[in-house]
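Have a look at the structure below before the remarks.
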Amino acid sequence: MNETQLRNIVEAALLAADRPLGLDQLQALFEEHERPPRALLRTALGELEAGFADRGIELREVASGYRIEVRKQFAEFVSRLWQERPPRYSRALLETLALIAYRQPVTRGEIEEVRGVSVSTQIMRTLEERNWVRIVGYRDVPGRPALYATTHEFLDYFGLRRLEDLPTLAEIRDLDDPNVTLDLGVPAGAETRAPVDAEEPDGHEEIRALHE
Amino acid sequence: MNETQLRNIVEAALLAADRPLGLDQLQALFEEHERPPRALLRTALGELEAGFADRGIELREVASGYRIEVRKQFAEFVSRLWQERPPRYSRALLETLALIAYRQPVTRGEIEEVRGVSVSTQIMRTLEERNWVRIVGYRDVPGRPALYATTHEFLDYFGLRRLEDLPTLAEIRDLDDPNVTLDLGVPAGAETRAPVDAEEPDGHEEIRALHE
Amino acid sequence: MPVELEIVRVSGPPAGVRPGQPAQGEMPFAVVEGEVLTELPRDLYIPPHALRVFLEAFEGPLDVLLYLIKRQNIDILDIPIAEITRQYVRYIDLMRELQLELAGEYLLMAAMLAEIKSRMLLPRPETAEADEEDPRAELVRRLQEYERYKKAAEDLDRLDRLERDVHLAAAELVDRKIVNLLPDVSLEALLLAFKDVVERAEMFAHLHVQREPLSVRQRMSEILSRLQATRSFVEFPRLFGRDEGRMGVTVSFLAVLELIKESLIEIVQAESFAPIHVRLAGQDEFPAAELKRAHE
């Protein structure tokens, strides 16, 4: 067995093992008649290390032996292999967000009134952390509840230039109609938008809420 | 990012991932603004492979992407790392798997017809648990039996890139055609050995037909 | 238990076994008490448990038939049905004697063989020779079909595979950072959620109140947010941008009116004809003096 072979066997074993390997374990890879002395194994490990110099991996000696690690400078890229998407947002969160968008500025209590169930603090926190909603004031009633509104980030995320780019409730209802397609992917700067709602405030008569 | 860096990131990612990585997954390692085009990634993979030429490992492409393996010539040494023997699979399981691989999509009843015996539920469960086969539909006949097909994991496990890489199926001879050479599947070296199947790749055509 | 010579004197190894090829991929014919049995012992006597293992290793009637054909080097296209049937039935009887669980398929095959045998005995009309199918045709087809997949299974077993032949290379990633991406939401999902919640509200709470267009709601948020940031008085005209045009001014005006109606802002005028100021409602901590200062 020549030096290159020895180095290659050591490399293969270190990369195939799911644990660090000490010199004893490396020696145990060989039949007795071809077992390399420890000094030769050390030389092979040294060569291996030198060969890794300009590569993505490196040889490290840890308490229980040698192992091959990803070089620290590449850890950030490699970590992206485990990017995880958390589970999808709950129905409750989407409804809350939608009500804030259409009814802003609005308090949590008012959202709860429409939804018929309470809105958890966790949902409000998630929406605020995502920078989709923020507090724009406090209603001057006992308890001074916070008033929530949507943000620029909210508009950006959903590809809207303005809040009024959101379809009316009547338009949304047509979503169920397979013959109607709604232009939802509103590209920024789209010129073919309908006239602003202020011109035809009646167009929104279907958007209803709790306060008279 | 220069070519060496790119090659090193690809190497580190392939060695850190616990699964083969395709070009898409490799691209996903990079932020959008520095994402290398696929051609560049292919070049990096080629360089990586070349760099492995005189080393203990090699690059291999399987169905789900690229992975790095111990070179076959060193497998003997590396296998001494583990005490336990690798799993063996029964003839019943392998025959069932072969039928699904070559005849997919296929029902359990069709497998049983060819094998002349019933296929145990345990075997189907093992194949599904190993993620080698999965149900891809139901045949539109009474009882709506499930149709089984093999998965990428099956190909990965057997080191194949595509179904076409499976060994060619032996041909069927007709009673009316006594001129066809005998192929009794006798041990290699027997004088009655038929010409190699590759000359008449019937089996491949059958598989290709599945993809159409 | 004495066993018939015919069964004991096996001329070759069972099908699927390659003598002299102890490759990793080799499938043992059977394992008896830890020993791999790749062919039948050639003694005159087989211990019943070994015979049992031998017989149990068959994968069904087709496998038994293929074995009988192979070990006698019979051309599969010219099976001596009478002889093969005799041998087959003897195996079945033996299995029964050993009280092996005999799948129904074995008996079905015995019946099929008997039927073929009887059809072979019938004289074949010479004229109809071309159309008349050989009674063995279906059996031969099934045997070949099974054989090709049996061979395919052996080929599959010989492929280099993970765990047994192929070892994956892996390097340790020491400080792995988990990057959590945030969930994606489509605009459509958001709109459908809105539709559902409004329809529910209408159905159960009978909430029917017409509200202002979204442009006004957005401006309400903006004005509130601005007043929140200054926490002080803002001159009324400053709420209207010079560049927003007539339509924009209308929207802003409607927003201010709605904010007043909802008691979210207060309009303050220090004296007649003085500039009108706007502030958040309920901010009594601002003394009127401050308004004067802001005014000056």
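Letters A, B and C name the chains as they come in the text, with residue numbers starting at 1 for each one.
Here is the rule we go by: a residue touches a chain if its C-beta (ideal position, glycine included) is under 8 Å from a C-beta of that chain, and two chains touch if they have at least 3 such contacts.
Worth saying up front: this structure is predicted, and the values here are computed from it rather than measured.
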### Task
Could you tell me which shape the graph of touching chains takes: line, ring, star, complete or other?
complete
### Distance-maximising chain from subunit A - centres being C-alpha averages
B
### Task
Provide the C-alpha centroid distance between subunit A and subunit B, rounded to the nearest whole angstrom.
33
#### Entry: subunit A-subunit C separation of Cα centroids, rounded to whole Å
24
## Note on the structure
Chain centres from averaged Cα atoms put subunit B and subunit C apart, in whole Å, by 17
### Summary
Listed in rising order, subunit C residues that touch 2 or more other chains are 167-173
## Note on the structure
Multi-partner residues in subunit A (2 or more other chains touched) are 12, 15-16, 57, 68, 70, 78, 80, 83
### Task
Give every residue of subunit B touching subunit C within the complex, in rising order.
12, 15-16, 18, 57, 67-70, 72, 75, 78-79, 86-87, 89, 91-92, 94-95, 97-99, 101-102, 114-118, 156-160, 166-167, 169-173, 175, 178, 182, 184-188
### Residue ranges of subunit C touching subunit A (in the complex, touch as defined)
167-198, 200-202, 204-205, 207-218, 220-222, 224-225, 227-228, 247, 250-251, 254, 262-264, 280-282
### Message
Residue numbers of subunit B touching subunit A in their complex, please.
### Response
4, 7-13, 15-17, 21, 25, 28-30, 51, 54-57, 68, 70-71, 74, 77-78, 80-81
### Task
Would you tell me which residues of subunit C are touching subunit B in their complex?
15-16, 18-19, 21, 27, 57, 59-63, 70, 73, 75-77, 103, 105, 109, 134, 136-137, 140-142, 144-157, 159-173
